[in-house]
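So that you can tell them apart, the chains are marked A, B and C in the order they are listed, and the count of residues begins at 1 in each.
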Amino acid sequence: MTETQKSLALHFGLLALLFALQFILPAYHHGNLSRIMVLATYAIGYNLLFGYTGLLSLGHAMFFAAGMYGMGLMIRHLGFTPAPALLIGVLAGLALSAAVGALALRTTGVAFMIVTLMFAQAGYLIILYFGEWTRGDEGFVIQQVQRSLWGIDLSDPTARYFAAWMLFSACLALSLWLIRHPFGRTLIAIRENESRAQMLGYDVFRHKLGAVVLSGTISAAAGAAYALLFGYAGASFATVQYSILPLLWVLLGGAGTLIGPFLGTLFTFYLIDIASAFTTAYMLVVGIVLVALTLFARQGIGGEIRARLWNWLP
Amino acid sequence: MEFGPYLMLASLEGAVTAAVLALTAVGLSLVFGVMRVVNVAHGEFFMLGAVLAWWIATTMGGHPAAGFAAALIVAPILVGVIAAAADMTILKRVDYDPERTIVVTIGLLYIIQQLTLMTYGPEARPVEPPFNTRLALPWIEWGENGLGLYWPWGLSTTTYKLAVIGAAAVVLIGVWLLMTRTRIGLVMRATQLDREMAQAFGIPVERIYALVFGLGAALAALGAVLIVPIQQAHYLMGGDPLLLSFIVVIIGGLGSLPGTVVAAILIGMSDGIISVFFTPTLAKILATLLVALVLVFRPQGLFGARPA
Amino acid sequence: MTLLGARMLSKDFGGLHAVRNVDIDVPEGQIRALIGPNGAGKTTLIGLICGRLAPTSGTVRFADQDISHLPAHRRIRLGIAYTFQITSIFDRLTLHENVALAVRRLGGDPATEVPAALDRVGLLQHQRRLAGDLSYGHQRLLEIAMGLAQKPRLLILDEPTQGLSDSEIDAFKALIRDLKSETTILLIEHNMSVVMETADIITVLNFGEVLAEGTPSAIRANPDVQAAYLGTG
C-alpha cells in the first residue's frame, strides 16, 4: 500500500468502526460516544489552527458558543426549525472568527494567546449580560419537539448517534482533504517556518486568517450540533474551561495529526468520567494531564505513534 | 444617598480594590518582566493565600489580631515556597518556553484549585479582621448656614479598609526599593535585560528565577490575606484577580512596575466608580475588550513608551 | 534594460546608519556581486530590496514598477527569489515538499518541476529525506533549489557558498554561469574566487555606502577597496 492508501484506510476504517459500534455498545457508552464525536469535531477545528498552522488560541470557546447560541437563540426566540438554525449557528461562527482573526492575527505568540483569551472572556460576559435572552449560567433547554430535523427526532439516541457520526465524518474527511490540498500544505509550511513561507511569496496573513475562519467555523458547527443533539445551551460552554479543553484534547491526542483530536477527546472524556466517580474535584485530572504532557510527551498519542510506528501518519 | 457622597464611597471602595490589585498585578508583572513568561496560575496563588490565611487564623485561635498577624507573615511565605518549588520542578523543565509555560501553568491552575476543593472544600469562609472600627465620613454641602459638613447615612469606611490601602502602599514601596536599591534587585534587572549575559557573569539565573516566581506568588498571596477579612476565602476566588491582573499588566505595559501600579489604581478605582454607572458585567466586558485592543494596536501598553 | 533599481536607499537602526543613500542598478541578465567587509550593510540592503525591512528613506523599482510600498510576499510574486544568509528551510518537511512549496505558489506541477530543480543542485537522490537531516552545505544547496524552482527574474543569493566544500563550490560556480541565460542574479559573497569568476559587475559596500562599482578586474585594482578590506590607509 502507498502511504496515501494507508492513511485513507486508517481514517475511513476508524469511521467504519465508529459506525459499527453503535450496534454493539451498551446505552451508557453509546450516549458517551455521541458526545465524544461532537466534541472531537470541536477538537478537529481546534487542531487545524493549533496543530497545523501553529497558532495557539486560548479562546475557542467563543466560536463553540457562537454556534451554540447562534443556533439555540433562533430556535428559542424566533421559532426557527433546526436546519436554518444550524446554518445560522455556523454562519455566526464564521463571522465571529473572521472578525476576531482579523484583529488577533496582528499579534503573535503569547500576545495572540492573551488576545484570544480576552475576546472569549468578553464573549462569555456578553452571554451573561444578555441573560434575559440567553438565561446566563443557567442556560436553556431546547425542547424535544423543536429538535426534529427533516422529520428525524434528534433526541432519539440512534438518530443522535448517526447525526454525530455524520458531523464527525464530514469534518474528518474535510481535514483529510485539506492537508493534502495546497492551502493545507501552505499552513503546515507557515507552522514550520513562517518567514520562509513569506519569502516564497505566500501571503501569510491571509492563510492564517483562512485557518482561523475554518477552525472557528468547524468549532461553531460542533457547538451548534452539541446544543441541538443534547437539547441544552448554557454559558458554561463559553467559559475559559471550554477553551482549555480542546487544547488538552489535541495535546493529548497529538497536535498536527488527524486522528489525534478523536483519541484525545476519547481519553479525556473517560478519564474525567472515571475521576468524577471518585471526587467532585475531577478537573484535577485535566491539570495533571496538561502538566504531564508538557513535560513528558509533547507529541501526544498521535505524535508518538507517528514517531515510533507509522511515520506516514498525516 | 445623593450622587456626591455615593461617588466618594465608590472611590474609597475602589481604592481598596486598587490596593489589593496593585499587589497582585505587580507580582504577575515581576514574573513577566524578569522571566518573560506568563503565569496563568497566578490567581490560584492568590486564592491559596486567602485559604491559608483562613487556615492559619483558625488554627491559631485566640485574639483575631494574633491569627491575622501570623497569616500575614506565614501565608505569603508558604505560597512563595510552593511557587518556587513549582518553578524548579516544572517551569525549569519546559525551559521557560513562553507557549509551553502557559500550557503548563494552566495545568498548575487546575491542580492547585482542585486540590484546594478536595481539602478545603467548596465553602466560602471568612477571616475576622484584626480591628474594624467604623468611621463615618462627612460630606460638604450648602445648607441654611452656608457651607457645612454633614454625615450622610451609609457614607463610611472602616479602619481596616484604610489599613489595607496603607499596607499595600508600604509593600509596593518596599518592592520598588528592592528592585532599584538593592544588589538582589540589580541582579534581577540584569537577568531581565539579558539572561545569557547574566549567566555569563556568574549570576545564578536558575535561583533568581525561582526567587522571582516565589516573590510574585507571595505578593499575590499577600494581597489575598489583606482582602480576606473583607471578602471570603473560596476555592474559585482566583479567577477574577487573574483576569484583572492581566488587564492591569497589559494596560500598564508588560513588565513595567510603575506602569502596572498606575494601571492598577486606574482599573481598581474605575471598577468601583464605573459600577456606579454601569453594571459590573458591562464594566468587565469593556475592560476585557480594551485589553484585547490594547494588545492588538498598542502592545507596549497605554503608558509604555513605543520602542525605538 | 534595468531590472532592479534602488535610489537613495537608507536604513537607520537607532543612531546607526546601516545603509546610507545607496543607488544601485542591475540590468536584466547580469550577475551582480555585492561585497564588503562584515557589517558593511549587505544583508540590510538586500532586506530593503525584498521588503523584509522597511527603509528609512529611498525607493526601490523592479521591472519598471515602484515596489517601495509592497509587502515582501508581493515583491516575491513579481519575480524575486531570496535565499537566506542563515539557512532557512522547512526542517521537518522532506526536500521534495520544501521545493514543492516553491513550485506550487507559481501554479507549477511539483511532480516534474521538483526533481528538475533538485537535480540542478545535485540533491535529487535525497528528495525523500527530511531537510533537517541534511548536512549544512546540502541545506544551502536546498535553499538554492527553492530559489531556482521559483523561476525568478531576479535571484538573490545571500552567501550561498558558506559551508560548502571545495568541490561543491566548483559545482556552484558552474551552476551560476549556467543560470546566466535564464535569470538576473544578485550575489552576496565572501569567497573572492566565486565573485571574481562569476560576477559581471561588482558593487562594494563599506559602512553602509557604495564604495566602488565596476568589473572584477577594475575592483581588484581599486585602491579604496584594498584599503577597506585590508584596513590600511
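Assume a contact is a pair of C-beta atoms (placed from the backbone, for glycine too) under 8 Å apart; a residue touches a chain by one contact, two chains touch by 3 or more.
These numbers were taken from a predicted model, which means no experiment stands behind them.
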Required steps from chain B to chain C (each step between touching chains, minimum): 2
Leading chain pair when contacts are tallied as C-beta pairs: A-B
Greatest separation from chain A - chain, by CA centre: C
Distance from chain C to chain B - Cα centre to Cα centre, in angstrom: 53
Rounded Å distance between chain A and chain B, as computed from the means of their C-alpha atoms: 34
Mean-CA-position distance for chain C and chain A (Å): 44
Multi-partner residues of chain A (at least 2 other chains): none
Shared-contact residues (touching 2 or more other chains) in chain B: none
Sequence positions of chain C contacting 2 or more other chains: none
Residue ranges of chain A touching chain C (in the complex, touch as defined): 182, 185-186, 188-189, 192-193, 195-204
In the complex, chain A residues that touch chain B: 56, 58, 103-104, 106-107, 109-111, 113-115, 117-119, 121-122, 125-126, 128-129, 244, 247, 251, 279-284, 286-291, 294-295, 298
Contacting residues of chain C [partner chain A, same complex]: 50, 52, 72-73, 76-77, 82, 84, 88-93, 97, 100-102, 104-105, 146, 150
Contacting residues of chain B [partner chain A, same complex]: 38, 90, 93-94, 98-100, 102-104, 106-115, 117-118, 122, 243, 246, 250, 279, 281-282, 284-285, 288-289, 291-293, 295-297, 299
